[in-house]
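In the two complexes that follow, chain A is the common piece, with chain B as its partner first and chain C second.
Moving on, here comes the complex of A and B:
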């Protein structure tokens, strides 16, 4: 009995989140799986059934291309975000406590903005009539104002705006705990600042960087509004097509099948990157 | 702000509404839940139509904002399975209405108790294949060729303007086959009518013709607010849009105009239907009957900006009032069955050829 009393948390506590997960994650997921094999009634809804027609429809060059686009856009956003967030976080960690708090609060406040607001703000900023095109024209950089949206650039800007705070928040704790003496020791042994950065700082932060990459990748894979607002049709991701099928075509089995597939692909990508990260970590 | 057929803003509110769908205690059937497209439509009905209805019949209206047709249809269907009706009477776009009919979602109504339904032309009186009557045309609206008057001082005369190389990167078009009716527009403009859409080869031929507009399209929009704002600022100075709201924006002083091209504008409509899960069938019939009266149809044209679903000579609309909401030019009529019977095929080809 005394052993029990020493535990800081009651033993039943973990069951609460576990039950929560079962009810609000596993059960809806099971429903989605069931719907994905249901029978689609053309011109109606769907009936219970067990068939793989919706999955078969997905295996085509057309949807293969869309899947590839989705993955590439998300990988691109993840790489850009981490490349921006890494030096940013290193700089942040060197600031005094007050400055750090201020920057973090501003960064967190970005998270309160919705995808809709960010999408429409960016499309205004990049527009021909009210955007930076006018500024460039006024400065004489371009002859006349032009629109920079919809384009891949606009879409990437939107996705990175949404995801950058997350990558900074993932990188910040390990970066702030980084022992500055390690870098100083390397410098004393004759390493240039860049050598110290490359051989000490980057290897020590490989895991958090991998974590940030995965987080941004998975996060941006589910974004469905920005590609519609900021992208051209060739940038419409699988998430956009899932929305179309579920909301506009009432084809829930096909939408569910695509969602299941998207989930499998993102799990596979996460698994693959974890595997790669571990090998490199072991070799270093 | 016009959000009639927009889904983004109202979809989340709707999802909550359905989950919560309270079995509102009705005072002896004197309250009726009526769903119309959220935003401008719902506000106009609440302001100009429902108070008079309540005064005339004693039935209180509980106004429900619904999202664009298909989403609301899915919600109604799911709710009906659980024996719930998030709305008793709903306004439904035609493709959604036909899908609901195929699924047997609409309650049968007693036409004998609804004498004003006789005012409506046959295509606005909806019945199951076995003849059971279930709904009526509520309001009609046109999708026309719209332009920004600053960028285009002269109004275009034909839908052929969409293909004009001079309009590169300056069009806003609806993103889906089943709500843009661009196949019908293309067929009428370039193939002498919509008959070519009767076969799959014909549909593909029309899609390939339509694909030629791609270099001119700046935005394929699902969200109406997105295009209307861009049209008003001149950012996207030409496109297809709703005649009624463009007229309202122009009346507000915005530099926009809506033109009935010589090939005609697309005539689309919404219909009143009743969920089979509703337990307010009688009040629903009174409501639909009331809405089919000539005076009310005229009032809808004046205050909501929709075209009447009854013949023009039954209304007391002046020429000017009629011109604001409609046209005597023969309209382009959507081939709704195409988006019901061949829905998945059309959607797939549309994604590959037109927007892909």
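Moving on, here comes the complex of A and C:
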């Protein structure tokens, strides 16, 4: 049985993921960079060139407002998601194993719904003719049915619906690993349930919470359909404008420039939050 | 004065009864070990004392006051958890200071007390370390110091030494005992290690299946086990079926042993009884003296030599000092005797 000697791992194997990254990320990114500095042909397509005309358009009040809107909406969605997901996950971790599995399966199945389905379902649900407005009117809460969409509320509801499962999935492992004896130890030492929560549970889960915030922020920054379906034009985010420029205005250079900019903004936000969330003592 | 009493405490989880009808009194300043196999209810009993569980029935009385429904944070007890439950996001000093900072004590007082405690557990100078930078034994000390920060009325420890290696564990047992004697605090330690219980405690409470089996000093528990469970759980015991004659002589495998005044006999003639003898109190004799048994196993343990004998399917273990080794071999038929005064008889 001397033929059973194990073959060593081939030396080229580590290069495979690298090649993958080059082909599917670096090359498209390079194309996008090239397009962003290309020359736009008015009424036509674009021709190769090297000019910063597209980038110059960022320096306007109009564009600043769009950027601010995008960031604020994503930050808002991230904060709301984590505020909802945190107590939810704490409760989930206290359920028995069967209950936990059931809830997690339901959460995962939400992920299988596409942005399109969620967007149009919500716009129907919040509409005047077929939505919950009728229910409120029938119950006598309001005088008559009204539409709750398009609005910032509808947009936030859609984004949170889409991102909440992700924030729960990020928080669940560390929360379920949290030793219940830590809370009990705090109680034995004289902390009320709320004090134990504030001084032990929250600080110990600060890093996962930061992680969930970043994830939802980056995730919602790229959503371009929901703002069009559920939001008003002033809620259109950078992603919507990129789609608009690329598909409807045929201004690929400008769309590419905005995409590069969006990438830089999200990188900056992630870096900033990592900096803020760093453990001061350098502990575990 | 912090004496502690439990009055017919019962704790049920659903249909499972973890602790059943436990009544006991612990005098002030006693070092108590709750001893039993895993799942015997000893940890539940400790949690009931701590206020982390509420009993289904019965009362917890601390220093004469009924504290059954007082929440843990108001009991002013100290506790060391099995996992130690040190806070990883706080430094050693902050961990020890936690009971005081949560009470809003002035910073200078807190710092002084923390220094005092670090000194007490020989960790001076390590206050700024993080918990994960400490060794197992050092973490143990931090947990103990943290439990003592507020001068607790009662100090509870749940299997505090189980994560340590054998050498360190023995060292910590002695240290914990010395600490308790110095501070005089009523201390209750849960353990499944009988050696640990016997070396540390003033008072051992042996539990099995949710019930207290015996309460006594280590010597009493070892020399005079109350029943077959205690005899089998504490050290090793030979448990043999026996009967008691009207003259209180003990009959084992058809052989009569005259009762000694020191023998502990807890049973009545005519009922099914059990004789318990420690291996070091079993002696092999020439054939014809005492019941006959066959040598089935001999083992040299270094400090002693063990002989395992068989009589009608009952194993009898005898332990000899190497210097007193009898001249017997495997498969020999020998007589067996039990040292007078060291025999315990109780209902089977």
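To be clear about the criterion, the second predicted complex is superposed on the first by the 264 of 284 C-alpha atoms of A that agree within 3 Å, B and C clash if a C-alpha of one lies under 4 Å from a C-alpha of the other, contacts with A are read in each partner's own complex, and residues count from 1 in each chain.
Basically, contacts are C-beta pairs under 8 Å (C-beta built on N, C-alpha and C of every residue); 3 or more make two chains touch, one makes a residue touch a chain.
Since the model is a prediction, treat every value here as computed from it, not as a measurement.
Asks: Overlaying the two complexes on chain A, which is it for chain B and chain C: clash or fit?
Replies: In the superposition, chain B and chain C stay clear of each other.
Asks: Once chain A of both complexes is superposed, is A:109 in touch with chain B (first), chain C (second), both, or neither?
Replies: neither
Asks: Count the residues of chain A touched by chain B and by chain C, then name the partner with the higher count.
Replies: Here the partner covering more residues of chain A is B.
Asks: Name the contact category of A:142: first (chain B only), second (chain C only), both, or neither.
Replies: neither
Asks: Which partner chains sit in contact with A:200 here, chain B, chain C, both or neither? Use first/second/both/neither.
Replies: Touch partner of A:200: chain C, not chain B.
Asks: Using the superposition on chain A described above, determine whether A:101 touches chain B (first), chain C (second), both, or neither.
Replies: Once the two structures are laid over each other on A, A:101 reaches no partner at all.
Asks: Let me test your reading of the model: by the given contact rule, A:186 touches which partner, first (chain B), second (chain C), both or neither?
Replies: So A:186 only meets chain C here.
Asks: Between chain B (first) and chain C (second), which does A:121 come into contact with in this model arrangement: first, second, both, or neither?
Replies: neither
Asks: For A:176, is the partner it touches chain B (first), chain C (second), both, or none of the two (neither)?
Replies: Neither: A:176 stays clear of chain B and chain C.
Asks: Could you tell me if A:40 is touching chain B, chain C, both of them or neither one (first, second, both, neither)?
Replies: So A:40 only meets chain B here.
Asks: Aligned on chain A, what is the least Cα gap between chain B and chain C? Give it in whole Å.
Replies: Shortest inter-chain C-alpha distance (chain B to chain C): 48 Å.
Asks: Where on chain C is chain A touching in the complex?
Replies: Its residues touching chain A are 50, 52, 71-79, 81-83, 85, 87-89, 91, 98-99, 102-103, 130, 132, 146, 149-150.
Asks: How about chain A: which of its residues touch chain B in the complex?
Replies: 40-45, 57, 62, 116, 120, 123, 127-130, 147, 150, 225, 228-229, 233-234, 236, 241, 244, 246-252, 254
Asks: Please name which positions on chain A make contact with chain C in the complex.
Replies: Against chain C, chain A makes touches at 179, 181-182, 184-192, 195, 199-200, 203-204, 206, 279, 281, 283-284.
Asks: Where on chain B does chain A make contact in their complex?
Replies: Listed in rising order, the residues of chain B that touch chain A are 7-8, 11, 68, 70-71, 73-74, 77, 98-99, 102-103, 175-176, 178-179, 218-220, 222-223, 226, 230, 233-235, 340-344, 347-348, 351-352, 355-356.
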